[in-house]
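Dropping the structures in below, format is structure tokens.
After this come two complexes, each holding chain A, first together with chain B and then together with chain C.
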Partner chain A sequence: MTEVIGWLLDVFAEEDGITLWVLAEDGERLHLRMDFNITLYVAGDFFLLRQAWKYLREKNVRLERTARRDLFLGERDVMAVTTPDPANIQKLFADLQRQFPSLDYYDVDIPITLRFIAQTNTHLLGRCRVILNGEWVQTIEPLSSPWEIDPTPMPLRILTLAPECNPAVRKPKQLHVKYNQREYSLSLESPRPFLIGLKADLQRIDPDLILTDYGDTWLFPLLIQWSEETGIELNLNRDRERTVLTRKANSYFAYGQVTYRGAQAHLFGRWHIDRKNAMSFGEYGLEGAMEQARVTGIGVQEMARKSPGAGITAMQMLTALRNNIMVPLQKQQVEGRKTLAELIRADHGGLIYQPIIGLHGNVAQIDFSSMYPAIMVKHNISPETVGLEDAPEGLIPKTLRLLLEKRLMLKNILSDLDPRDCRVEILKARASALKWLLVVCFGYLGYKNARFGKIESHEAVTAMSRELMLQAKEVAEDMGFTVLHMYVDCLFVQQEGFHKPSDFTPLMNAIEEKTGIPIALEGVFKWVAFLASKRDARVPVPNQYFGAFQDGTLKYRGIELRRRDTTLWVRKIQLKALEILARANTPREFANRVPDVMNLMEDAKRELRIGRVPLDELVIRQRLSQTIEAYKTPSPAAHAALQLQAHGRQFAPGQSLEFLFARNGTGVHAWELEEALDSGKLDTKRYYKLLDRAIQTVIDPCKPLLMPERLL
Partner chain B sequence: MDILPVLKTGKLIVVYAPDAARTESMTLIAELGLRGVVTILDGGNRYRPYQVATFLRRKTVDISSAANRLFSRRAFTCYEMNTLLCSTSSRNQPCVILDLLNTFYDDHVPTYEAHRLLKSCLGQIQRLVISGPVVLTLAPPLAEERAFLLEQVCAQADEVMIKEAPVCGPTQPSLF
Partner chain C sequence: MGRTLVTITQLLNETEANLSAFRRTLRRSDQYIFDGLFAAARRHIAAIGQAESLLPFESALLAMLLEQSKEIAVLEQKVEELIKKNSG
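After this line comes the complex of A and B, so read on.
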């Protein structure tokens, strides 16, 4: 027997148990094996269960009659089907379901990592002690918790591979390779020397993580193809017995839009993350992806590509497994009966108190910290507890409690650190990764495909949030503040003579005491502008504002700068305009700065007119919301797609297209076309309009201040 | 499209329209609500309570009495729709099922499952029809492969009312 201490890198299913990859303290990467049984449960009509029993008797499974808990139905008599072959559980289930479709199935699609964590309490990326007999794990015990604020960093070897250009636009000639401080390029001109070079690098470095650009959609398929063509064996896995796991590209509808996810290439024994095909990698990077993997129990390369919703579902599954609650394949709890009046009362979102249009000085923004998750935890809102008095802690609060605490702790640490501290970026990434999990947990109470959701619990959270916001407003008004705007979980308040952060502390303490939900001061604006609708200047638009904090930092929401389809050029100029305005300390000074902004705009237009703006700053990015053929009146993105389609490119709904506005038949020029647009053909008037609109947004709020007094 | 006169216990009326008869179904619900208790089962998030309330307000000052006679439940998956229908008791009162097939068109649900669940749902609808009139609205499938579901439902209907999409006539281009 030998003892190993290290970090758990990867877990995956085999036909006779599971494989573990452990990064040992001495730097060795260990391939370990472990016996592992998997159980799924079947419930329903007794006669059918009997038939299913007979059907399964012939297979390599252990059958048992037992009672298990369904979250909503309570204890159920079920048939437990246990197999020592985790790799084929899906096939076993698919066969069974095809034969007996009307039975209820539980615990059939739980990722192997979650089962492993539930059974051993050892989490991914965590430190563990393993007792081995040869390569077989006898016991494994955790030495760390996923909720540690400062986990011991893993000494990962990271190899970065990136082509010099987007392969969808041009054929790359070089592959940039980076390892530690060393950077070099491999020529892609000839497959054989390239493969030999890359293979040597992989053997020499033996990376834990291959971080690529376009690895999923271009590099890995190319490597596999070249390997077959040249006969040079290249296994990118650390696990030699495995081949690269590939998944097809798909388009799906999520968060109100069609999203395209490119093909994927997953590795065994090491990770592969394609930075260009990882959902939120740009937002929180590797540290964030690792943090999410740590707390959700989903492998790093999976989590980097999946939505936070998949993470929160995994966390709920883990809580269910740990509490002996079965995870249903399909949620079947339906909404209770409501009268029209009840539905109108219940079916609301968060509270919005329309802003008072215009410029305001010395305004504090105070936010409830993770308001919805905090409500779920504090008020025990869970699908099975909603409407019950004194119910034991529900599955959802149980899942969220530690997550919420960890995020608040990270935020507190961050607020105490100097911004120049080297830990800030990492902590920010981790806090942001946790934030996204918390953001989606509310939606998953009402999401159709959530395993543990019920619309009433979703409604209960928003009802409670509206109540708390009203309480906060009353507290603020009782203390003499004017509430300028409220938006779901934040308030903008103002009082004559109050301008320092400490002036607002008594208010925050009073709100926190009244509501029981933590609240934080986002900052005190020197001035903040709430915008009016572009269609009707009398109508305010919620959550559309910009302002400058006392240290000059800008905050803006809902304006062109935040929109993904705004060109870089317009964004840059709008940001510069805001920076000019940020020098103003009062609304009156703001108005005095407007001529500077107008000059900035005229200069920018002149630059564009004489062709001094790089074309890549004028690129517009838009998403295809449907197939190109489905457009009756093609959007600019669809026109761009049609131009590229003529050159053999294929597009799926959800894919983004880049183009320039041009003076030609369709009005656009696809950015990825081989032939560059002649700058003389640029539709400058269209760009002027975009810029005018963006500048108008930032100067509109001070219009009343610019009017001659006699007109007022 | 006047649905009210053709309603009768024992009769299943199917209304097919590109928008699942959004406006007509809300008017029908309001009209039925003025007369008695109505069960509304919503399979496509089509129920518009404010619109119904507006219709009611045009017809009566006692809006709350009518509003308290309209009972609704929503399903967000075809599994939920099946559960919803199974748990709806037969009463001598009209039942309006909005956009029944919406959740069955979901391409995450295998075709054989959609077929199996719809069969079960249709059985439950037959049960409801015996005790009260049932109106069912349908919208076209998102993909042609699921069109057979539409045919299955229509085959069981006593009357199918089809609302065609309005055809845009030629318009005079503006000169200036």
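After this line comes the complex of A and C, so read on.
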């Protein structure tokens, strides 16, 4: 028997138990094995259950009659089916369901990592003590908790591989390799020396993480292909018995837009993350993905590529496993019956006020911290508790409580740190990763496929949030403040003579006391502008504003600068314009700065006219919302796609296209075309228009409301 | 996302569209005032929503009246100030 202390990298299902990869304290990477039984549950008609029992008796499973809790139906008589073969549970279940489709199945699709965590109380990337007999795990116990604020860092070996250009545009000639401080390139000209070189690097470095650009969609498929062609064996896995797991590309519709997800290549025994094919990587990077893996129990490779929704579902499953609640295969809860009047009362979102249009001085923005999750925890809102008085803590609040506390703690630490502190970046990434889990948790209460969702609980949260916002408004008004704007969980307030942050502390204390939800000061604006609709200057638009805090920091929402389809050139100029305006300390000074902004705009237009703006700053990015053939009148993006299609490129809905506005037949020139656009062909007028609009947005607020002439 | 009923914003847009023939028949100067009524209603979308009425347009009409009364109150105040200034 030997004892090992280390970090848990990954867990996989095998036909006889599971495989664990552990990064030991002494630097060794250990491949360990463990016996592991898993159990699924079947409920329903007694006669059918009896038949299923007979059917299963022939198989390598243990059967038992027992009672177990369904979240909504309570205790149920179930048949427990236990197998020592975790790798084939899906097959076992599929056979069973084919024979007995009308029975209810539970705990059939729980990821193996979650079962392992629930049983051992360890967590992914966590420290643990393992007692071994050979490579077989006898016992494993946790030495850390996923809720630790400052986990001991893992000494990960990270190998970065990136081609010098986007392989979808041009064939790369070099692969940049980076490890620690060393950087070099491998030539992609001929496969054989390249593969031999890369293989040697892999063996020498033995990385825990291969971080790539285009690894999923280009590098790994290429490596596999070359390896087959040349006969040079190259297993990218640390686990020699496994091959690379690949998943196909797909397009799907979510949150009002079509999204494209490229093919994926997953590794065993080490991780592969493709920075260009990882959903939220840009948002919080490796630190964030690791933080999510730690708290959700989904492996790092998966978590980096999946939406936070998958993470929160995993956390709910984990809570269910730990509390002996069965996880149904499908959502069972449909919307309850309501009268029209009840529907009208219930079917609302968060409270959104129309702001008071124009420029305002000395305005404080105060935000409820993680308002929706805080409501779920404080008011015990969960699909099985909604509508019940004095229910015990529900599944959702139980899942969220620690997550919420951890995020608040991280935020508090961050607010005390100097912004230049080296820990800030990492803590921010981790706080942001947790924030996304909290954000989607609310959506999943009402999501049609969420297993622990029920629309009434979703509605209960928004109803409570509207009530709390109104309470906050009343408290503010009682204390003499004007509420300029309210948006779901934040308020903009103003009062004559109030300008220091501390002036707003009594208000925040009063709101916190009244609502029971923590509230924080985002900052005090020297001035902030709430915008009017472009269509009618008398109509305010919620959540479109820009302003300068007292330290000169800008904050802007909903304007061109925030939109991904705005060209870099326009964004740069608009930001410069805002920086000029940010020097103004009052709304009056703001107006004095407007001529400077106009000069800036004229200069920018001249630069464009004489061809001094780099073309890449003028690139427009738009998404294809459907297949090219489906367009009756092609959008600019579709025109660009057609130009590229002529050169053999294929496009799926959800993919983005880049192009320039040009004076040719279609009005666009696809950016990825081989031949560059002649700069004389650039549609400068079209770009002027875009810039005019963006500048108008920032100077409009100081214009008084003008009535058309000869009105009355 | 995922809502069953139309939102108040949608409702106002639809009502405005249904009244397009009415609006078109008005003189241009009156059209501007007419648009102003809808602009007034749009300033109170949150309140119209919170009213949870089966006939939300009733609340929208009330919002228009409210903005009008507000404007009258502001004008009254201005007139009073002017009178005071002139008599003083």
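Descriptive notes on the structure:
Just so it is clear, the second predicted complex is superposed on the first by the 704 of 712 C-alpha atoms of A that agree within 3 Å, B and C clash if a C-alpha of one lies under 4 Å from a C-alpha of the other, contacts with A are read in each partner's own complex, and residues count from 1 in each chain.
Following the convention adopted for this analysis, contacts are C-beta pairs under 8 Å (C-beta built on N, C-alpha and C of every residue); 3 or more make two chains touch, one makes a residue touch a chain.
Please read these numbers as outputs of a predicted model, since none were measured by experiment.
Of the two partner chains placed by the overlay, neither chain B nor chain C lies in contact with A:E28. Counting the residues of chain A touched by each of chain B and chain C gives the higher count for C. Applying the stated contact rule after C-alpha superposition, one finds that A:E467 touches neither chain B nor chain C. Shared-chain residue A:V539: touches chain C; no touch with chain B.
Residue contacts after overlaying the shared chain place A:D45 against neither chain B nor chain C. Of the two partner chains placed around the shared chain by superposition, chain B is the only one that A:N449 touches, whereas chain C remains out of contact. In the superposed model, A:D565 lies in contact with neither chain B nor chain C.
Using the contact criterion defined above for the overlaid structures, shared-chain residue A:V334 touches chain B, although it does not reach chain C. Shared-chain residue A:S102: touches chain B; no touch with chain C. Within chain A, the residues touching chain B in one complex and chain C in the other are 340-341, 343-344, 347, 448, 455. Looking at the complex, you find that chain A touches chain C at residues 255-256, 340-341, 343-345, 347-349, 351-354, 443, 446-448, 455, 466, 470, 486, 536, 538-540, 708, 710-712. Residues 101-102, 330-341, 343-344, 347, 448-449, 455 of chain A are the ones touching chain B in the complex. On the chain B side of its complex with chain A, the touching residues are 33, 47, 49-50, 52-53, 64, 66-77, 79-80, 83-84, 87, 103, 108, 112-113, 116, 120. Considering their complex, residues 1-5, 29, 32-33, 35-36, 38-40, 42-46, 49-50, 52-54 of chain C touch chain A.
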